[in-house]
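Quick one: structure below, then a few questions.
Chain IDs A, B, C, D, E and F follow the sequence of writing; residue 1 opens each chain.
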Amino acid sequence: MTAEVTAEIRTAHILDLAGEGKRLDGRGPDEYRHIEVEPGFVTTADGSALVRIGDTAVLAGVKLELGKPFPDTPNAGVLTTNAELIPLSSPVFEPGPPQPGAIEVSRVVDRAIRAAEAIDLTRLCVTPGEKTWVCYVDLHVLDHSGNLIDAAMLAGVSALAHATVPAKRFGVAEADYPLDLQHVPVECTFVRLGDALVVDPTFSEEQAAQGRVTIATDETGRVVAMQKGLVGAFSPDDVREMVRRALVHGDRMRIAARGGTT
Amino acid sequence: MGSVGAKEVPVLLSPEGLRIDGRRLDELRPLRIQAGPLHQADGSAFVEWGANKVMAAVYGPREVHPRHLQQNNKAIIQCKYNMAAFSVDERKRPGLDRRSQEISKVIAEAFESVVFAEEFPRTSIDVYIEVLQANAGTRCAGVVAASVALADAGIPMVDLVPSVAVGKIAGQIALDLKKEEDNFGEADLPMALVPQSGRLVLMQMEGHMTPEELSRALDLGVVGCKSIYEKMKQALRDRYTVDAVAPGAA
Amino acid sequence: MTAEVTAEIRTAHILDLAGEGKRLDGRGPDEYRHIEVEPGFVTTADGSALVRIGDTAVLAGVKLELGKPFPDTPNAGVLTTNAELIPLSSPVFEPGPPQPGAIEVSRVVDRAIRAAEAIDLTRLCVTPGEKTWVCYVDLHVLDHSGNLIDAAMLAGVSALAHATVPAKRFGVAEADYPLDLQHVPVECTFVRLGDALVVDPTFSEEQAAQGRVTIATDETGRVVAMQKGLVGAFSPDDVREMVRRALVHGDRMRIAARGGTT
Amino acid sequence: MGSVGAKEVPVLLSPEGLRIDGRRLDELRPLRIQAGPLHQADGSAFVEWGANKVMAAVYGPREVHPRHLQQNNKAIIQCKYNMAAFSVDERKRPGLDRRSQEISKVIAEAFESVVFAEEFPRTSIDVYIEVLQANAGTRCAGVVAASVALADAGIPMVDLVPSVAVGKIAGQIALDLKKEEDNFGEADLPMALVPQSGRLVLMQMEGHMTPEELSRALDLGVVGCKSIYEKMKQALRDRYTVDAVAPGAA
Amino acid sequence: MGSVGAKEVPVLLSPEGLRIDGRRLDELRPLRIQAGPLHQADGSAFVEWGANKVMAAVYGPREVHPRHLQQNNKAIIQCKYNMAAFSVDERKRPGLDRRSQEISKVIAEAFESVVFAEEFPRTSIDVYIEVLQANAGTRCAGVVAASVALADAGIPMVDLVPSVAVGKIAGQIALDLKKEEDNFGEADLPMALVPQSGRLVLMQMEGHMTPEELSRALDLGVVGCKSIYEKMKQALRDRYTVDAVAPGAA
Amino acid sequence: MTAEVTAEIRTAHILDLAGEGKRLDGRGPDEYRHIEVEPGFVTTADGSALVRIGDTAVLAGVKLELGKPFPDTPNAGVLTTNAELIPLSSPVFEPGPPQPGAIEVSRVVDRAIRAAEAIDLTRLCVTPGEKTWVCYVDLHVLDHSGNLIDAAMLAGVSALAHATVPAKRFGVAEADYPLDLQHVPVECTFVRLGDALVVDPTFSEEQAAQGRVTIATDETGRVVAMQKGLVGAFSPDDVREMVRRALVHGDRMRIAARGGTT
């Protein structure tokens, strides 16, 4: 039996189960997997966090360096988010330049950080127009068992929450100080399986999905970013329902972001 | 939304509730769609939408390159959204950037949701979108152009796919943002719709909205898409009543 | 019937017709297609022109930015010509880095602009050795129905002829001013079809061609650049004949370059 | 050794013969090996060695990509050693640099010297090594992790391949250099050994040593590898006695 | 011709009509051609021409890589012209630049015009030209070297292809420009000729010439090519009368 | 008979001969091929040497340019070694970015130059932290008949030994002066053929080899670099033997490095 046939049978089974309100791993449609956040995993980074959502694992590292502000925003720091979907983490990733999937993960995470104003970029500026902190958020996927976007977002924001500005090392202040996180965006992802909208999909559920929607919220209850992905379609009412559910899951993830298990 | 630390912020809404170009909150920019302006492509369309100029071409169904992407049970849809170097204020270096690659991906997924791809196994349907002049909303203009180009190429689809962005400016939900509104507004929500089913096949959002604002934004976008849908159908009707003319020829 | 067989039959037919002094689209051997130039097509550019030669369409955009002069020419501005043979314009172009064909178009156009001294590069210099205008000529092929080089050249020179130096916007002068065009080079391309040398080839004629020669002339009657391309050979007398004919066609194209139809 | 013209040189060896972290010359840094922490890979291992953190995964035997590399009489071993952007003090730009490519090559050749590749013709065995936190000796840590991951994946081999670097600091031969020792020492000699045969399958060296010093360095490395070998075997035994846990979970 | 705004312009022609290196207007620089200096290539040639040093090698007819370029009815000719980093005054970054790609293209087309490619369907004939030391006219030196290498490899051709550049300096038509003449002259016209037919298979030109000057330049180039042709034939005769020696060994 | 079968038969023959202490080209196991060094081959370089070891030929060119020191070594010059295994030199090399084999050659040569302190990098510094000489060693393989590393190393060190610092041309001194070589590292490579360790392998011997070891020594008798390559294994005693032999061959190569034949 080829891998394609196996996948087709599994997909049919997942859709059947979804019709009955069930999932392959026994979860309910709105049940999120176990979340674990280990901040400070990498000491060479200025901030880091290892996040596990079920069997999915993403390591985020934050590095701060001095650089020049962009000419059109002379008073703002620079934030760069990069995701590496390395072939170590899944048989579906290939070596080489970032694929569209990796680019989508990094851009969706980047937009949520930026739109939520998680970091006050103006406070990263050292000398307007001349010198600013450049904040790199590198997302290193270690184990891809589904729902990379939520895991990458949580790892990124946890790493930022625990990051230190190396001001002393770079000779621009007497002491290093914590990077201030003013908002805590998290993403919550759903996929359509038939008529069901299930949260936190596994890899197999993503393969079976008829569309994916990711909704980023912050701790004030605002929606700060959304992304529809994969082949499939959603009604405006579907979106309204997912927003409602994303706000609930978001609060639980925000607790985890500070470090710990939920 | 990309303007943290920028120098000056313009007034986006007048006391009378009018926008910087005089539009009402629920008003679209002028939109002109021309089907079939190109001679080499299997289907094409040119869209002028406000100060956007976007050309789309479709090739296929044709042989898949590179071969290993071929699928035995359906056509693949490949999309390439690209901005001309001179289409923006500061010259854009030619070549694919990350933004273009992400937009190409979500547009390809949108069309895969409506094209009857299983009718053409082992082939590729290639959609090229070239932004020649940009002023916010280029991905929506690209979806509109590509959708008309797909129809012009005779690719069977569930329906045409109108697209528009809804945003939030000066605290209000507004249809079809132009550049200053996009830069200094509070949120932007591009979407694309299948009119037949009322379902969204493309949706992105960036900024901040309450759930209630977002709900109204979705409804306003649906209304906008319906109006765009009519212009798309008209462009296809015109294609067969007048001679195809090249882009810019009024 | 495969595409290759169709192409072979068409090639044979084109060569037969050429032997009788005829062409597939009814033109005579020295008859150029209809030319249309629409300057100012793109308002985000500092200069632009959409050129149509028959069914071929090329859009050129000029952008000026401030940069550093090259160390060996401290008193001169910088000119960069780039052609994008995007896959939108023809089934024969593939996505990816510029192919040799695109590189040839951009270099042939670039050489003609440079050799004709169309722009006085020394006038682009703002501060010798330190600051100069960098002039980008981007050639965007939209519809490839043959003879790209002539169309790209005409689009490029028309865009330059209508370009404005954004001196005010960049804060180096009180007002923007027109970019001065001191010479107007245009290219005229011929292909060999059997014994015939036909001007302004269509895409099918290029496929059938036994060699291609492009001759750039300026308004003073000088030859400023030449390029032999494709597989094929030409006698010196062939070249002399094409030079003579290129000068005649060039004058007509130079009128078009200023905007309008011929 | 990459520190010509650097500003300050630390004292690498105390009058009592102890190193900057208190180790003796023939003492290894603490080493912890976990087999099987990953769920998608066919085999995996996580190694914490001093301040190094290295993850390895093995996929295969599986189809060869790109196809033209396929060999009719044996499996090919492809190795990719990569450093995470945040694994070093100054952020490393993502993507393959020349150092990583060279290390990937010599590690692939080391494993090709022990894997029974002819048992799996026309396939590829892919070894991925990710350095998450670096502090000298990452290629040795990578070999140790990859070797355990290969065993975890059930790939038949002559033997496990322990690996360690021997160096010269303050004129003395020393086992398992840490970062400051590597930067300011006189020589570094990473090696990997097949315990069964006592033969080296990986060996590089940089610095300066007399032939006599080099001879002693080889002997010290052999002793170090034997001790590492025991820990590797223990990690594989533990794999089947405790539940596999994810990296970092002590 | 690439010297707008440069600092100083040398005197290119003396009152006696002699050039900076003492040559007359119709005089070639010294040219030495050695056939077969390389051992791995199927054919090779080394050319010293004035201060140019150029090596060419030919491999094939052989299998086509990448495969999809293969043609069923003939061999394809692939050419790669490359400049060594140290071949010019300011170090050239290794890798293909646009100039090299254009030159590679026109040289490949030139040889496709003379090789009996239909004798070797589904194969590739690969021509490599390495400029080791450059002093104007490297593409012509490359064509001469590659042509002799093709003959050395036994590839059937209509004829050898001599090549030379004609230029305009100080208002006069001159044969075979050297670097200062190329930099500060008024025009440069490299060409390559099939002696048997008298037809040009390579021709480029940059600068400015009247039609009359251009006509004379073509005639002068034809004369120059004929003289080069004799040296090419002699080099191939020498190949079989003396032992092949490596480059630089006089 | 396919190329693979031919290669297999040749490999078997080479291994048989090695068992009897013989080699295909008649050399003994510890016999090096004829070495020829031609310094100054390329006058556009600041230093150059063409090296031939038997039928193998490598051309090295040294170029010096002014640049900035690295931030962590403000008092040191910059040395960059690059090897081009161009397809002209062998049917096994393909066009494109440097392959792992080319990277290995350049890095092994680079390490030996650096570890031997062949050049006193601190003397290349012009203004600490600001301006330094950047020394490029470009290794251009012309004929790959085996043992590229030794040939590339010898070409590189010979080019350095004959290099001139273009201080006058760059305006930082009154006159150019010779680049001072304080140590002369050379590499000596062996391959295992069955139980034999043979020096200076030909291309065919490399194809047959069961492991390769390269040992770099300097004129003081120190080992400065080593590299084991290819599939195969060596005992510590093997290494000790090769070190002993490498020191002897090294002395002969060091004489050649100064220019001439051995």
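Here, a residue touches a chain if its C-beta (ideal position, glycine included) is under 8 Å from a C-beta of that chain, and two chains touch if they have at least 3 such contacts.
Computed from a predicted structure; not experimentally measured.
A.B. asks: If we look at subunit D and subunit E, which chains touch each of them?
C.D. replies: F
A.B. asks: Please identify which chain has its centre, taken as the mean of its CA atoms, farthest from the centre of subunit A.
C.D. replies: Measuring from the centre of subunit A, the most distant chain centre belongs to E.
A.B. asks: So which chain is the furthest away from subunit B, centre to centre on CA atoms?
C.D. replies: F
A.B. asks: Counting C-beta pairs in contact, does C-E beat A-D or the other way around?
C.D. replies: When A-D is set beside C-E, the one with more contacts is C-E.
A.B. asks: For subunit A versus subunit C, what separation do you get between their C-alpha means, in angstrom?
C.D. replies: 48
A.B. asks: Using CA atom averages as chain centres, what separation in Å is found between subunit B and subunit E?
C.D. replies: Subunit B and subunit E have C-alpha centres separated by 50 Å.
A.B. asks: Using CA atom averages as chain centres, what separation in Å is found between subunit C and subunit D?
C.D. replies: 57
A.B. asks: Going through subunit F residue by residue, note those that touch at least 2 other chains and give them in order.
C.D. replies: In subunit F, nothing touches at least two other chains.
A.B. asks: Chain touch graph shape: choose line, ring, star, complete or other and state it.
C.D. replies: Basically the chains close up into a ring.
A.B. asks: Could you list all chains around the ring, opening with subunit C and heading toward subunit E first?
C.D. replies: C, E, F, D, A, B
A.B. asks: Which bits of subunit A are touching subunit B when the two form their complex?
C.D. replies: 69, 72-76, 98, 100-101, 103-104, 106-107, 111, 114-117, 121-122, 125, 211, 213, 218, 221-236, 239-240, 243-244, 247
A.B. asks: Could you please specify the touching residues of subunit D with respect to subunit A in the complex?
C.D. replies: The contact residues of subunit D facing subunit A are 38-41, 51, 53, 55-57, 59, 62, 65, 80, 82, 84-91, 94-95, 126, 128-130, 132-135, 246-248.
A.B. asks: With touch defined as at the start, can you tell me which subunit E residues reach subunit C in the complex?
C.D. replies: Where subunit E meets subunit C, its residues are 1-7, 98-99, 101-102, 104-106, 109, 112-113, 187, 189, 194, 197-211, 214-215, 218-219, 222.
A.B. asks: What residues on subunit F touch subunit E, complex-wise?
C.D. replies: Answer in residue numbers: 38, 41-45, 48, 50, 52, 55, 57, 59, 61-63, 65, 82, 84, 86-91, 94-95, 97, 136, 138, 140, 142-145, 203.
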